[in-house]
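Okay, so subunit A shows up in both of these, paired with subunit B first and subunit C after.
Let's turn to the complex of A and B:
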């Protein structure tokens, strides 16, 4: 394990060596000399009942629960099994959620059909029973006039170990026929790798990544290599690719990750896509709603002026 | 690779980057937009005002600050860092006046600020200042000046520039619209600054703050009413330009 600056001292303590870094912190570095006492090592690593209990409690804490808020009953089957749909639109991240709230959800009546509650280290509270919707829920809606259109607003972070559970509870483990999935999310522009100079990038900008079965032309250029997609959007796309579901991800690279008008408006080209076309009616009104959302959500931070 | 070389400011990465300085430039982008324009007889600084909390005293949230009677600056980035830099610059302005009995030139005080910023990129244990500044003023020779500094400690003279969020959009607008006609008189220069800001400001004129310095006159901050007047004029001019354009196309087609 290389550290900044060469270790200044190195003493053998049992199986590990101790090394001091440039800043004076003492860390354990694995000793490359190897060890003769293999048995001792194994004893230390054997799991006790206490370890198992701790592990069990932690996995219970991190479980993804799908339930109906109105009745407080949990869903026994996966969401798509209970509410099969032909169009599934998922917004991940606060800017994508704001876009769907102001442009799609204000046209037509949407009914909440379920919500996924999850806790992980990203939540600002350690209390897993009283979580606020904003930080730990993914809410699912369907259009009352056309229940085959399903929408998901996910503004919380779904950790790596929870993504598989989320997929199981939402999609289920069998193929869905005649369904198209659209995912919207944002990423910071510093994650975007390109050979051209980053100062010439005009952020925010939109990139698309689609599964093999998605035959429509996307509304923006495709994401170039070596850029990759992360977290829940990647999990959803991978699931759709494996189960041969046509799916497209619209990724907005922006330099403002908090709720921002210009970033949300960067999603506008998607309004012309087939999946959203019938759903958006009143664009000027949507812009007004969006502006209101911005002002109510402005967190007063005095750090930057 | 970047994560191994951004611990200590004094460490270069193998390909010659000082990552802390580059990250400081990202911090600047988190501040709201500021634009500076150098006219023939006037210098203009326009900033996007953040919305102030209900209970907060508006006068204490300032992006444009006077460094001396004839020099002022606007900044974008970390508020606290800006306060420290501004205080040091103000002291230097007075110290200079007392020592050599002449007010500082705009270039002198800019160089002072830039040198201060560079020092913090070359000592260990300290991080760079997370601000960029636009410094404007008139020298004794009556020539208007506009300088820009950034966290790395470089400074350059500009005819017009923007810093902060969406600075690129504003700069591109200025490149297209900064002409001799646009700065022909003071009013036109002021309008250019406001038009540049309106490109990126989210809620129109009420979130804009403007300051000007005219030759041999002290800094003047515009009131909200004066800015509204300018904005209405600009919108009227825009409407007339649109009408003329649509008339031309109908004539062409008709």
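Let's turn to the complex of A and C:
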């Protein structure tokens, strides 16, 4: 069966191909191999100067920029070059961010040191030049009493073409070995592969992945093969593995991806880890702060107000 | 860029560089998994790049509890010094517009490492075959002009089929003919880059359809083995239906088609 025309590849799904089903109907099916590179090559040859300009403008719009909101200036060097750190805790996703806000950031004084500004199709920021406090989705803080402890709250989605840029702007190109990185994130439980059915799993549950140089025992079982992790958490862990930085990723598999009390509380075993010990002081107060965060969020999401 | 696992950069002069193309059915990658797992190749480094979508997971070739906790990333290099083999495994897809820069960077590094030749394991859409191809073997090879004479002679002696040229623009009747590898991912780019940079590149591919591509991967490694003889046939095999060659499937091939099914479904 010959392919009719040359379907444009979709960035999210990958190249469509034609296939016949058992009943003989012809359907478009995504190809597991991803983008059809022959298409990209032909696209490149047919590209006009105008197309190239559009592509350049789009990639400028998608650039990841790091700046200080207080002074409205961009960071000239990478974040870790400006703020050398011994401990870096990164929360990716709303539940991980809520956990750090309630259990870590409420104890001690945290000062904002930078903010990552980025735009992609998933992010709700429309104006990339002026980010309001409510829209600043990726913010970096350091502990005033111990400035070598850095924290990142990232609730926006960092797209695949922005992940390496984010790494470069935050970590820079020279690897720092005298630091430990902890990443917290969530994934939907249907992403977890097991020989039982996922409906029989008791979610939320925590799994960990660590780099070779991370010598501490993790606070939960390790993620078994054949499970894998993608996106920004994978980008951070890959960087740490390659450059021999001790790092651990705590992954919470949950069936509720929006802000959820039970999912956030599933991260609690991490409070006993060396990275967070000493940073967490008042757990009952943290639980109260967390409950307040949930209620605020619920009101905002009421479609009748 | 290549980042070694240890402190020193390994010497790869004279080695055969094996790599997959991310192509239809992921056959090249499955074949690489079989080779790395069967030969128990040792990880020597990473090909750290911004061209591939990031991913991490625990050791896909784990055989026991002790070796199951080593982290793996999207592009890793393995070697087998006894057979002068070095293998690259790719575990994710290319970020848009980054496949050509990747091929250029990779082949430039392979050339500067003085590898003897590059072998690309790949696949192509089986529905693109013409009538003649439908009636012949599904395996094809392609050589860049700089492949050593000895390799060319050996391949000719195997009576393999060379990849045929097809119309550059299928819809036009009097279109020129050129090498096209639909569904082959970076295969054509690697071949072109090999031609222009004087690098000996051998492409081995199979015409496949998406589905359970494990048999295709087994077919492709046996095709490669006909030439390279990387594993010897098992002469003491009692079962005539079993393949004479013992390829070891890695532990990461579990649950390839998803988790278990809920019993309530039945």
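What we mean here is this: the second predicted complex is superposed on the first by the 239 of 305 C-alpha atoms of A that agree within 3 Å, B and C clash if a C-alpha of one lies under 4 Å from a C-alpha of the other, contacts with A are read in each partner's own complex, and residues count from 1 in each chain.
The rule is short, and it goes like this: contacts are C-beta pairs under 8 Å (C-beta built on N, C-alpha and C of every residue); 3 or more make two chains touch, one makes a residue touch a chain.
What you see is a predicted model, and the numbers here were worked out from it, not measured in a lab.
By the touch criterion defined above, A:275 lies against neither subunit B nor subunit C after alignment on the C-alpha atoms of chain A.
Of the two partner chains, neither subunit B nor subunit C is touched by A:78.
Using the contact criterion defined above for the overlaid structures, shared-chain residue A:94 touches neither subunit B nor subunit C, since it reaches no partner.
Touch criterion met: A:199 reaches subunit B and subunit C at once.
Judged by the touch definition given at the top, the superposed model places A:180 against neither subunit B nor subunit C. Contact with neither subunit B nor subunit C is seen for A:254 once the two complexes are overlaid on the shared chain.
Set against each other, subunit B and subunit C touch different numbers of residues in subunit A, with C touching more.
Contacts of A:153 after superposition: neither subunit B nor subunit C is touched. When both complexes are overlaid on chain A, the residue A:212 reaches subunit C alone and has no touch with subunit B.
Shared contact residues on subunit A (touching subunit B in one structure, subunit C in the other): 2, 199.
Taken in their complex, subunit C has these residues touching subunit A: 3, 22-26, 46, 48, 50, 53-60, 62, 68-71, 73-74, 91-97, 99-100, 125, 127-128, 170, 180-186, 188-189, 209-210, 251-256, 258-264.
Per the touch definition, subunit B reaches subunit A in the complex via residues 4, 7-8, 11, 26-27, 29-32, 50-51, 53, 56, 61, 63, 75-80, 82, 165-166, 168-169, 200, 202-203. Listed in rising order, the residues of subunit A touching subunit B in the complex are 2, 4, 22, 190, 199, 202, 255-256, 261-262, 291, 294-295, 298, 300, 302-305.
Across the complex, subunit A meets subunit C through its residues 1-3, 9, 11, 14, 17-19, 29, 31-38, 40-41, 160-161, 163-164, 192-200, 209-212, 222-232, 234-235, 237-238, 241-243, 249.
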